[in-house]
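Next up: the structures, one after another.
Consider the two complexes below, in which chain A is the common component and chain B and chain C are the respective partners.
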Partner chain A sequence: MNTVIPDRIKIAYRYPARAVGAAGALLMLVSIFLPWAYGTAALDDMSYYGAPSPLQLCFGVLALTVLALLTIPLVGKQRLGKWAKVLAWNTTAKTASITALITAAIAVTSVAVELGGLLNVEIGGWLVIFGGVAAVASTLFLPDSPEPSLDEVKSPKWLQILAIVVLMAVALFAAAFALGQVDAGAFLTFGSFLVAVVMVLRQFGVFGWLGMAAAANNRVLVISAFVVAFLFPFTQNGSNANMSIAAQVLIFAATALGLNIVVGLVGLLDLGYIAFLGAGAFTAAVLSESAYSHFNFHPPFIVTVLISGLVASLLGLIIGAPTLRVSGDYLAIVTLAFGEIFRITMNNLDGNDGPDITNGSNGIPDIPDLNAFGFNFGQPHVILGIDIGRFANYYWLMLLVIALIIVVFTNLNHSRIGRGWVAIREDELAAEAMGVNTFALKLLAFAGGAFLAGVAGAVKAHHDVSVTPDQFIFLESAFLLAAVVLGGMGTVMGVLIGATILKLLPEKLRFFSDYRLLLFGLLMVVMMRFRPEGIVADERRQLEFHAEDEELAEEVEEELITHKAHLNPEREVFEL
Partner chain B sequence: MDLFFQQLINGLSLGALYALIAVGYTVVYGIVQLINFAHGEIFMVGAFGAYATWMVMGQPANLSVGMALGVVLPLMLVGGVVSSVVVALLTERVAYRPLRNAPRLAPLISAIGVSVFLQEFVRLFYGTIPFVTRIPGWPDAKSAVPFPSISGISDASVQIGGVLVQASALFTLLALVVCTVFLWFFVNRTKTGRAMVATSQDPDTARLMGINVDRVIVAAFAVGAGLAAIAGVAHGLRYGNIDFRMGFLAGLKAFTAAVLGGIGNINGAVVGGLVLGVVEALASNYLGTTAWKDVWAFALLILVLVFRPQGLLGAKVVDRA
Partner chain C sequence: MLEIKDMVVAYGRVNAVKGISFEVKQGQIVTLLGTNGAGKSTTLRAISGLLKLASGEIWFEGERLDGLPAHKIVERGIAQSPEGRRLFRQMSVEDNLKLGAFSRKDTSGIRAEMDRIYDLFPVLGERRSEAAGLFSGGEQQMLAIGRAMMSRPKLLMLDEPSMGLSPIMTQTIMRTISELQADGVTILLVEQNAQAALSLADRGYVLEVGHIMFSDSGQALLGDDRVRKAYLGAD
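On to the complex of A and B.
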């Protein structure tokens, strides 16, 4: 981050700036022991002296971070040893103060909004803002640190694994805590705190190191992530509200992962993808034992899932075979038209305009809960003294589906097929000239992606209890696409994050549900303008969007050839 | 046979509506190879702009035919065109121009974002000063808004044999004829129009010849938006109400029309629109129930793309994938 303050002034005032910043951080630290609000109803009750609420403790963490970042370097370069070089102290202090101030502003604004006016903000609330402003203003005077190079420090394997496991445990705890916030202001404040923590860790160089550790211990990362996800229902104490959201997030994410193959890997823009989810859902509904289904064939669930997937991929073949020959833009519109055809057809199969299969716009209600592997998904049960409700069952089922999808996805990505897909995305003509069977591969991606959506749809039908055509409008396809784009095309992690954000935020922030779509549209435009590669960027993809960035190009090239794991001695360090 | 001719005239007037919108897709695509996904919303904004003009004029009602056709309707058209053009140019500046050299997916996704944004913006803020207050007397756009009736159009019709022709249908057809003549003149006889043709044939060479390509692109967006606004007014007169969602389906159909005629080809857009309208009207009468009419339109789109991707009149085929 470049500031307008010239280096000369920065160096002259580096000690006073550090002192003022530390004082600001101290003020923030003190403020958490003071009340922030006159009423108890705002956020998580910040109206006591000497007893910080959990959210106030979060501010304590941020304040201590700023304080530590500003004071520890005073120990001196000699005694800090290599840590002085590989960590970005000053820049991180700046990031920490700025994010702390933003988080404080969100908290204070929430107090004002929820209690009706700024008058309700108590001394502590003003103090934290004041301290934050002081910290931000003074850290702007600190000289910039060089890029952190913690990822080049050698570390023992056990430490890396331990770090990953701890990170996952913290993530579980944070997710449970965030979902536990019923108050919208509290949820926003905590969300902002999490973003602050992530940004601070990234700036400090910890994320670079974690990324290296994660790459080196990929299996540990994946397994611990799944263990954490598996344990999540146990943190909910039988509450169904959050588990229902979580299950919906996973269904959405599974569909988005399917779309990710088509859009992210092969580069085929599909604007009617929701139709495949719909095909799966309707197939499962018709084959279920719902009284409104007109079929007398009720196979066991595992067969239903397969049939749903196959029906969806058959549709994928029908729509793909003739249209995959046309180029990108056309394909987008054809798939959009196909999505509309699907929805209208489902609406019309009501006995009046066509054969009666789907009950038209009423859809198929009363779909019974799944009964598979001798286990009824509708029954709540108790494990280790903790209630596990109906939605938790579906959550675990979807977790299994997503695990399968990820295994298939990563294996395909690193296989001949995956390389063929990426080649098609980068340059179809060149790929064809190199002997890649582009048509067959595109068709495979289309049908495969559709199969995944169909499977997700089959679970969705049972989870939602009813299936109606108007669940599968164009906007849903746009949301799926947004999840892929927002998270990062072609990456599994990114799509999971994108899907979570897009499903979770509207559920938690109901007060602006009216502005949800407006912000969604704005977000798509802003994303494409400023970070088209998404939150988690696939590096090769990132290069596509920033073709002029020579540095990035070299980085990607280097990474593709070899992983560097040695400390770079020639790094310049801007010292105190 | 009367039924056939009735459906034919219905189809032609519907097709004229599609054609007016389709020109916008085709002109923009011909020059920047961008499917302006938000063009349907520009059409919707035009209708709401015309309605706003009518509100500003003090909701004139029960006028003489002369007043209605001579003063009120032209002013509404101007209001609609101005609002559409302004919005279109803003979106071009904010959402498309920065992405001109980005990979193809980026502007298309950006366009989807613009489309959703414009719909929601009209739904939430029409008739208000955003976040401040509602303007008294103005309707809420959250449900359909009844479009003002214009004496001489909304209430009139002509009987030819067994065929009843609504005046609004005649208005749409007339608008298409006038706009087509205007477009022909614009493209072939004005400097900007010829610059547009040159740019669509080869942007780099056009730039070398001293053409300001940015200006040409702006002109393309403006022309498309103007015609879409006229279509918006025609839509309001034809159906009697407008709503914030009307741009989606109309835009999709108009895109179908543009592809049907050959995208990038202005004459093709007009022909494609008329053909699509007639096919839709006849198919909904002779094939199944009216509930399937959109399916026929989209099926036609898929068939054209598969068997004749260059469209009826031949497209400027660009494959940058």
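On to the complex of A and C.
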């Protein structure tokens, strides 16, 4: 994009470009005080003069960001001092404009779709698009900034910790706000706004710094993330709809973390992973006190969880033992078939085609709420004057499960076994030659991952109240895999984020349900093109995807050394 | 120490090694020479347990090795630095070395081994937390040898350690190999660089399309007309 316009023109027009861009940003700012829609039903009601809706305020934030990025550098390099160099002013202005325009386009399109036609878009809606286009067009004339280096700037420890805590608080607030959007257009617009904010912070250099701060204060990060997740039910004030989604997200995430061991660490492709969740769910359902279960053995929940996990890992061993010896392609096919066989078998254990265990396609309904730790999970409570419903109980239980999984996962990842797993992923033959018992380690990963899914399934059975075979279709396995790949294979944080996105979007976009798969397909293609390592990159995998960058960097470095004597003098003018 | 008897190894239905026998004695450097595709790497892979024998036997210190899984063979004291190095490129130097020691559980011994390797190859020690893929070819070869040494093998097998290296780097690697021998490690060296290999070797075997054509002491082979013609570029 930066090569479209010749440098000569960029230099000549840099001040007019800045002026036009700032004017565009001002237009966007003005637009939020004008109505965007003729009707009140679209998004979060953008039909007033002078009183911006919360979403319009989001545009205000983006507009002010663009304005600030374009005008602050005008104070001159002298006064900006080191901040002229460590922050990427120009490229961030460009990113902010582009993402603001995209977000505006989503908002305006949503207005048009929800109210039935572009005629329903009011003056403010057109103005924000117009301002956005002006800002994007003008920022294309700005010379690119060098890579930001904020992460190399020394900062006091209290500031780093404060930043992490603030970030977490903002994340909590944003998550609560996003979940509160019942309107699909509003949800999409806010989602796009969040993406815009993240991209702007990343481009500007703030994320690099935050990453450094997070790495330096890892414990603070993990604890505050958990505190925030723990506090989430308090933001919902008893709303069951959102808490149920949140609990489902955590069940899905726990399963994805299990798959992450198999796919992300060891590199085995499992296309039928949902069957392990199903095995756990059916086991817990059969062992529950549901009147539809044909077993008369009802152990306490702790025991049920263990049995569910063990049943799932036993299945893992049965599938893994014959297939893990042969090459990876077979494993993908066998697991794919296994997922289907599992579902069909559950359908057939109905007393006609086989023993009556699952009631066939009816499944096992009426599973009572969990009663564990001296606590009935079906009972709502009031804590600090806030209603905490049934789903919040399950949410907290899953949070505990996930915390345990994370502890086990991180310890494994840095252990001898974890190293062996990654070695298998990188070069199985070499790992074998080094004395890694590859078969045993693969089997261990397979059974261990299945165990986690089984545990998640046991909670799922009680949370969902009923377990039926058709909950465990292939599409679910595909979504689990997508969560791992999208989030970042081999990382905990990434998989949690990926699972949240993939579970949340379909819940909130029921409106689009016909196009949901298409949307995901697009999302995956875009990700694979622009960020194949996933949202969060595994430090060990960076090299795999950016080997050419490294080579390029080496070449550039060499060139720099040879040409150091006559560095381009024009470069100085260029940085602003 | 190591004895191969009538070993046949096949890929599918094609025999790559067609009944070879040879011996490596304690403390020796033995080299396998041969052109591309002669079956040298196949021989090493079979000894390491990465390939199954079609027939024949492998004996190591009085015990039968063939049929054992690869990790058991490493435990018995045979390590291999494979052709093309095959490092774990995304892992740090340190993690690569730790993987070489996968069969060992004595943490302090592993630490000491690692320090020994950093002494031997200081560049590895200086950049121990960098990813292996970022090192130059020669440095990667050092790491590959170091990684194989981490299991403290009695027999070290090196598959074309000079491949792709500059002459100076090749010399360094060859010097390291003779230092390892002086330390008491027995070495089975596969090379295309016959000159370098034979000047170190106590004994050499010449392999052609899966057969051992002839063998002799290293010095004798250096002077042998057939070897000079085929591998040393003399007319």
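Here, the second predicted complex is superposed on the first by the 528 of 576 C-alpha atoms of A that agree within 3 Å, B and C clash if a C-alpha of one lies under 4 Å from a C-alpha of the other, contacts with A are read in each partner's own complex, and residues count from 1 in each chain.
Everything that follows uses one rule, which is that a contact is a pair of C-beta atoms (placed from the backbone, for glycine too) under 8 Å apart; a residue touches a chain by one contact, two chains touch by 3 or more.
Every value quoted in this text rests on a predicted model; they were computed, and no experiment measured them.
After overlaying the two complexes on the shared chain, residue contacts for A:A423 are found with chain C alone; chain B is out of touch. In the superposition on chain A, contact of A:I344 is made with chain B only, not with chain C. Of the two partner chains placed by superposition, A:L404 touches none, neither chain B nor chain C. After overlaying the two complexes on the shared chain, residue contacts for A:L518 are found with chain B alone; chain C is out of touch. Of the two partner chains placed by the overlay, only chain B lies in contact with A:V485; chain C stays clear of it.
Applying the stated contact rule after C-alpha superposition, one finds that A:G435 touches chain C and leaves chain B untouched.
Chain A has more of its residues touched by B than by the other of chain B and chain C. When the two complexes are overlaid on their common chain A, residue A:L336 makes contact with chain B while staying clear of chain C.
In the superposed model, A:A12 lies in contact with neither chain B nor chain C.
Shared contact residues of chain A with chain B and chain C: 544. Chain C meets chain A in the complex at residues 48, 50, 69-71, 74-75, 79-80, 82, 86-91, 95, 98-100, 102-103, 131, 133-134, 147-148, 151. Across the interface of their complex, chain A is touched by residues 33, 35, 94-95, 98-99, 102-110, 112-121, 124, 248, 252, 255-256, 259, 288-289, 291-292, 294-295, 298-299, 301-302, 305-306, 309, 319-321 of chain B. By the touch criterion given at the top, residues 416, 419-420, 422-423, 426-427, 429-439, 540-544, 547, 550 of chain A touch chain C in their complex. Listed in rising order, the residues of chain A touching chain B in the complex are 263, 267, 269, 271, 319, 322-323, 325-330, 332-334, 336-338, 340-341, 344-345, 347-348, 352-354, 428, 474-475, 478, 481, 485, 514-515, 517-518, 520-525, 527-529, 532, 544-545.
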